[in-house]
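Got some structures for you, see below.
One chain, chain A, appears in both complexes that follow, with chain B as partner in the first and chain C in the second.
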Partner chain A sequence: MSRRLKISIFRHNPRDPRSVPRLVDYELDERPGMTLFIALNAIRDTQAPDLNFDFVCRAGVCGACAMVIDGRPGLACRTLTSTLPAAFSLYPLPVFRLVADLSVDTGSWMRELAERLQTWVHLDAEPDLDRLEARMEPALAEAVYELDRCIECGCCIAACATAQMREGFVGAVGLVKIARFRLDSADTRDDADFYELVGNDEGIFGCMSLLACNDLCPKELPLQTQLAWLRRKMAGQGVRWLRRG
Partner chain B sequence: MTLPRPCAASAASPWPARLDLLQSLSGLALALFMWLHMGFVSAILISADFAWAVARFFEGYFFLPRPQAWLVTAFVASIALLFALHALLALRRFPADWRQYRIAARHGSRLRHGDTMLWFVQVATGFAMFFLAPVHLYAMFMHPDLIGPYESADRVWTGGFWPLYLALLFAVEVHGSVGLYRLAVKWGWFEGRDARTTRRRLKLAMWGLIAFLLTLGLTTLLAEIRMGIEHAPRAGERYVPTWQRSPTAVEEAR
Partner chain C sequence: MRIEYTDVLVVGGGLAGLRTAVGAARRRLRVEVLSLVPAKRSHSVAAQGGMQASLGNAFKGMGDNEDVHFGDTVRGSDWGCDQLVARMFAHMAPKAVRELAAWGVPWNRVQRGAHEVVINGERVTLTERDEAHGLITARDFGGTRKWRTCYTADGTGHTMLYALGDRAVAEGIPVRDRSEAVALIHDGGRCQGAVVRDLETGELYAILAAATVIATGGFGRIWGISTNAIINEGMGAAIALETGVARLGNMEAVQFHPTAIVPAGILVTEGCRGDGGLLRDVDGHRFMPDYEPEKAELASRDVVSRRMAEHMRRGKGVKSAAGEHLWLDIAVLGAAHIDHKLREVKDICRHFLGIDPARDWIPVRPTQHYSMGGIRTDHRGESPALRGLFAVGEAACWDLHGFNRLGGNSLAETVVAGMLVGEHVADFVESHAGALQFSPGLARDFVGRERAALEAITARPAPAPGADNVASLRRGMEATMTEHVGLFRNEAGLRTAVATLVDLHARAQRVGIASRHLDANPELVAAYRLPRMLALALCAAQGALERRESRGAHAREDYPARNDRDWLRRTLAWWPVGAATPVLEYEPIRVESMELPPGFRGYGTRNIVEHPATALREAELESIRARLEGAGGAPLQAALLDFRARLPERYRGDNERIADIEEGAPR
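And now, the complex of A and B:
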């Protein structure tokens, strides 16, 4: 027998001076195989045409539909309503700038993070475009690719108590990017260079290893392993570091 | 295209790394010491003579010409300093103001995530120890010679220390065991090929350790309370091991 779902959705439009942050209840009948993507579209089609939420791929690839579902961050397109209680809430991701209702601007935050942590391959010399790139061991390429699977959905930031309490903390998404470039043999930076970026309380040493990022990552990235590995590398660098400016 | 390297002018300090390591190492040392401490105090469960021998061992009774109580004082002082260092370093992780406390509380209650809740447990038990541990450490620092079967039992019962020790037992054993688990996942110890399985096993070991240490601790405290009640009429009397008593005294004791 299908359930009658009661979804309490956070509604607020910061650009509308009359808008007040509030929870609005919407009810609808659950269908077999119903995802939150389907449920939210049904609500927008029949009950709240002005409801704001983001979807692009509907397949857990783009990360646009991340939101706080019944208290826990996750991707709406990959969440079956059957895994939730009959009454639950939907909130936008915290930390990120609210666009309206369930829609947040993760893009600006991620871009600022990328610039701050310089998350691109650094080279010492101009690459010769007429020559083949230096080869990489398949196992290393696999390891780099594994970390490249991050879709920057923002769930790890929303799951992290540190990121919410302490503005400026780069979170698992930032730290795993550093781990990715630290692995990459094409990147010429060494541990001292990476320490400059994350060897502080806004980086790896601010991480309290609560591991909600690891447990709630929709892509199931090995964040626990990578954060511990990066901590060991950066701690080693901090201990032996003699390059005081 | 060659992109600029990030560290043309170094502004990073090695201290965040060193403080992180110091916090972990001081916590590890304290947690392992508390295992030994539990071993020492639970000696009373074997016999009063054995507990007396353990206490006197740390004064050098068995290997110095004369027992030196200041050895215990010095050791207590070093533990107190280690405790203060760990507390100071851990304070960096406490929520700093009302806003952060509110965010942390709301986040924890909504997220329903085990390891996040464990951190709240660490904050609460750590906060409790700020007040509980110094009382015990000061008593040990000032009266290192009053560690022994009768002496400890009198302190626990007649001295009214048992409620403090009961609270301290829960705070220490939970904080220490959760701390060891968190250290293991923080630094990737014992991780192996399957981090998820290892973490599940580590957490199981953590709960097992908490149950074992609390059972042993409560049994020991009950034994001390019982001895304290029995010895209350003669509170203050020092314990003399069986083999040092005169035959008449032994007969009287029987």
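And now, the complex of A and C:
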């Protein structure tokens, strides 16, 4: 028998002086294979035409639709309602600036992170495009890809106690990016350079290793091992500097 | 009212827009990029299978080169493409892959020695060469004679877009997301920028620019079910159409991908079949070899999709609650391969179907996928009708793809075209022709017009229960396109489609909304876009109705022949201001300048009405080849089709391959 769902959705438009943050209940009949993408669009089409939420790929690959689903950050588009109780809540991700309702501004946050951590391959010179590409060990290319799969969804930030307390903490998303460029043989930076970027409390030393991020990353990035590894490397780098200093 | 000024305004933060922006910024121009969503969430991120470039590193890619890639592309297009563009493209693709490698795309690499693959349903051992070890490898894709598709597992669009997105940050290029270009500012001859709407605050303002580049991707969302991201609503093409000046090319040329999952319509990559996956019917029978003995599952996309539909019409489909479908079997590839090379596919199967593709077959059917048509440009990416307006990527009809795009050629097009158009835009801005006396008055007029349009929508009464509303009209459009402007088309269906769309278009301009505020209002956005989407739908339907032949993805049941005599031409749609329907014109595709004259693609039975010039051109080419025999590749190529001189100088060099090095060619 099909269930009647009751979804309590956070609603607020911060630009409207009359708007107050509130939860609004919406009911609808569950259908087989219903995802939150389908459910939220059905609510928008029939009950709440100005309800804000962000879907782009609706296939779990673009990272746009992260929200707090029944208390846990996750991707709405690939969450089946059948995995949730009949009554549940939807909140926007914390930490990020609220646009309205379930929509938050992850774009500016991630852009700032990229600028701060310089998350691009640093080259000595541009390649000669007429020549053979530089070789890379196949296993290394696969390992870099493994860490490159982050979709900047923000789930790890929403889940992270440090990120909620300390503005400026780069979170698992920032740290895994540093791990990615550190691994990439094309990048000319060394550990001293990376230490400059994340060898502080807004970086790896701010992380309390509680690993909420690791459990919630929808792309199942190996955050636990990468964070531990980066901490060791950066601590080593710090010691080297102390000795030299 | 806010008016901003810049050298280059790029509308779109996908692969094509970002690569164009990087090119222009490196020429020291001021560049602004607009995007509906954070750039890295653009639809490009969802591309899975890979990008074609004739590196020839992998064992099965040996002997590949620009000539082979060019030939595959032209055949794939069913001779509808611009061969000058296809030549430039084949020459540039290896450079583009190599540039991206340097910028951080972790392309899968050749591993020396023996490895097992599945070809035509059987396990085969291939041995990769020592000298290729560590170079970029490639997989097989449909409609290609070599394994040419470079990839990072099945997350190729992701790695490419992240590398380019990060590159744009490195170059300090600003990207404004949640920003929509809602009109082009122009004086009838010269484009001067765009009216921009901030989707969060609702603010309308103008950006005046010496050059405006549309890179807004495809318009798949006018169909009900599509593999496209839900933001792919074609607004870039729509605002170009609204100028009443710019032309849209071949809007009827729409690709249906063989393997989207049922019912969600989410794509699983052609790489599944490239790597050896099979299509099966209700009896578990592998049916493609019955229809296409030679290429089977790896025939060109349009062909495979039609064969699947035919097979379902014969009652061989699987009937399910979610609709009729066929099976894609990648279990034959084994769990290890899937875990490494097809993991996004595995994720999609797990989350949206609840199955494990290493054990279960995937329910698939052909689904709208790609827009070959778009804003018509010349080979430099500029609109021939509206100066200062450029278009690039899926939004453009540059015309690399003609009537059917090969898998892997679109990702390649976005970056190749971005590399070229970035240079041409910069040349234009620096040239005398690019000099522009900005007219703030014109900007004010255009902003005022859009403001009035928005206010008119919010002033209309809210829809009464049961009356038209945005969602119901939209469903009408989607259903019409799916039913009548789909994989197979005919006169009666297309006539119905045009009539229905004209009616919907008129109603969409009267529809009211319930929520009236201007900021963060998805209902207003939908109401504002709907007439524009319907305008694009009309261009596609009317173009399909008028094109009384079958070519590539455009299959007319009532005109099954490819008619080169009458239809070797490109449809150009434009919309006179105030008209109820678009006007169609045609641009000849000249056999006289083809390097590869029209021929048989090799699928099904030959059914072609020949163009009278084809035989003449063939003879002419033969005599050129005879005359220049022994003169070497370059002079011969110049005589056949001189593309090199039309490329920016920095990109004219030959592409190196390991075969060249082995032969001791100078390095």
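Keep this in mind: the second predicted complex is superposed on the first by the 240 of 245 C-alpha atoms of A that agree within 3 Å, B and C clash if a C-alpha of one lies under 4 Å from a C-alpha of the other, contacts with A are read in each partner's own complex, and residues count from 1 in each chain.
Everything that follows uses one rule, which is that a residue touches a chain if its C-beta (ideal position, glycine included) is under 8 Å from a C-beta of that chain, and two chains touch if they have at least 3 such contacts.
Treat the numbers as computed from the prediction; the structure is a model and nothing was measured.
**Student:** Once chain A from each complex is brought into register, does chain C clash with chain B or fit beside it?
**Tutor:** In the arrangement built by aligning on chain A, the partners chain C and chain B fit side by side.
**Student:** Looking at the overlay, does A:Asp16 come into contact with chain B only (first), chain C only (second), both, or neither?
**Tutor:** Second partner only, chain C.
**Student:** In the three-chain superposition, say which chain, chain B or chain C, touches more residues of chain A.
**Tutor:** C
**Student:** For A:Gly199, using the defined touch cut-off, is the partner it touches chain B, chain C, both, or neither? Pick first, second, both or neither.
**Tutor:** first
**Student:** A:Gln164 in the overlay: touching chain B, chain C, both, or neither? Say first, second, both or neither.
**Tutor:** In the superposition, A:Gln164 touches chain B alone.
**Student:** Could you read off the angle at the CA centre of chain A, spanning the centres of chain B and chain C, to the nearest 10°?
**Tutor:** Once the two structures are overlaid, it is 160 degrees.
**Student:** If you stack the two complexes on chain A, which partner ends up touching A:Arg231: first (chain B), second (chain C), both, or neither?
**Tutor:** first
**Student:** Counting only touches as set out at the top, which of chain B and chain C does A:Leu123 meet: first, second, both, neither?
**Tutor:** Touch partners of A:Leu123: chain B and chain C.
**Student:** In the superposition on the shared chain, how near does any CA atom of chain B get to one of chain C? Answer in angstrom.
**Tutor:** 7
**Student:** Using the superposition on A, tell me which residues of chain A are in contact with chain B and, in the other complex, with chain C.
**Tutor:** Looking at chain A, the two contact sets intersect at 118, 120, 123, 126-127.
**Student:** Give the list of chain A residues in touch with chain C in this complex.
**Tutor:** 13, 15-16, 32-33, 35, 44-46, 49-52, 54-64, 78, 80, 99-100, 103, 105-107, 110-111, 114-115, 118-121, 123, 126-127, 129-138, 141-142, 144-145, 148-149, 151-152, 181, 184, 186-187
**Student:** Taking the complex as given, what residues does chain A use to touch chain B?
**Tutor:** Against chain B, chain A makes touches at 68, 71-72, 118, 120, 122-127, 159, 161, 164-166, 189, 192-193, 195-197, 199-201, 205, 208-212, 215-216, 222, 224-225, 228-229, 231-232, 234-235, 237-239, 241, 243-245.
**Student:** Which stretch or stretches of chain B touch chain A in the complex?
**Tutor:** Interface residues on the chain B side: 1-3, 5-7, 9-21, 92-93, 95, 100, 103-104, 107-108, 110-113, 115-116, 119, 182, 185-188, 191, 195, 199.
**Student:** Going by the contact rule at the top, pick out the chain C residues touching chain A in the complex.
**Tutor:** 37-43, 45-46, 55, 95, 97-99, 101-104, 106-111, 133-137, 152-153, 155, 158-159, 162-163, 165-167, 169-170, 175, 177-178, 200-201, 229-231, 263-264, 266-267, 321-322, 340, 344, 347-348, 351-352, 354, 470-471, 513-515, 517, 519-524, 651, 653-658, 661, 667
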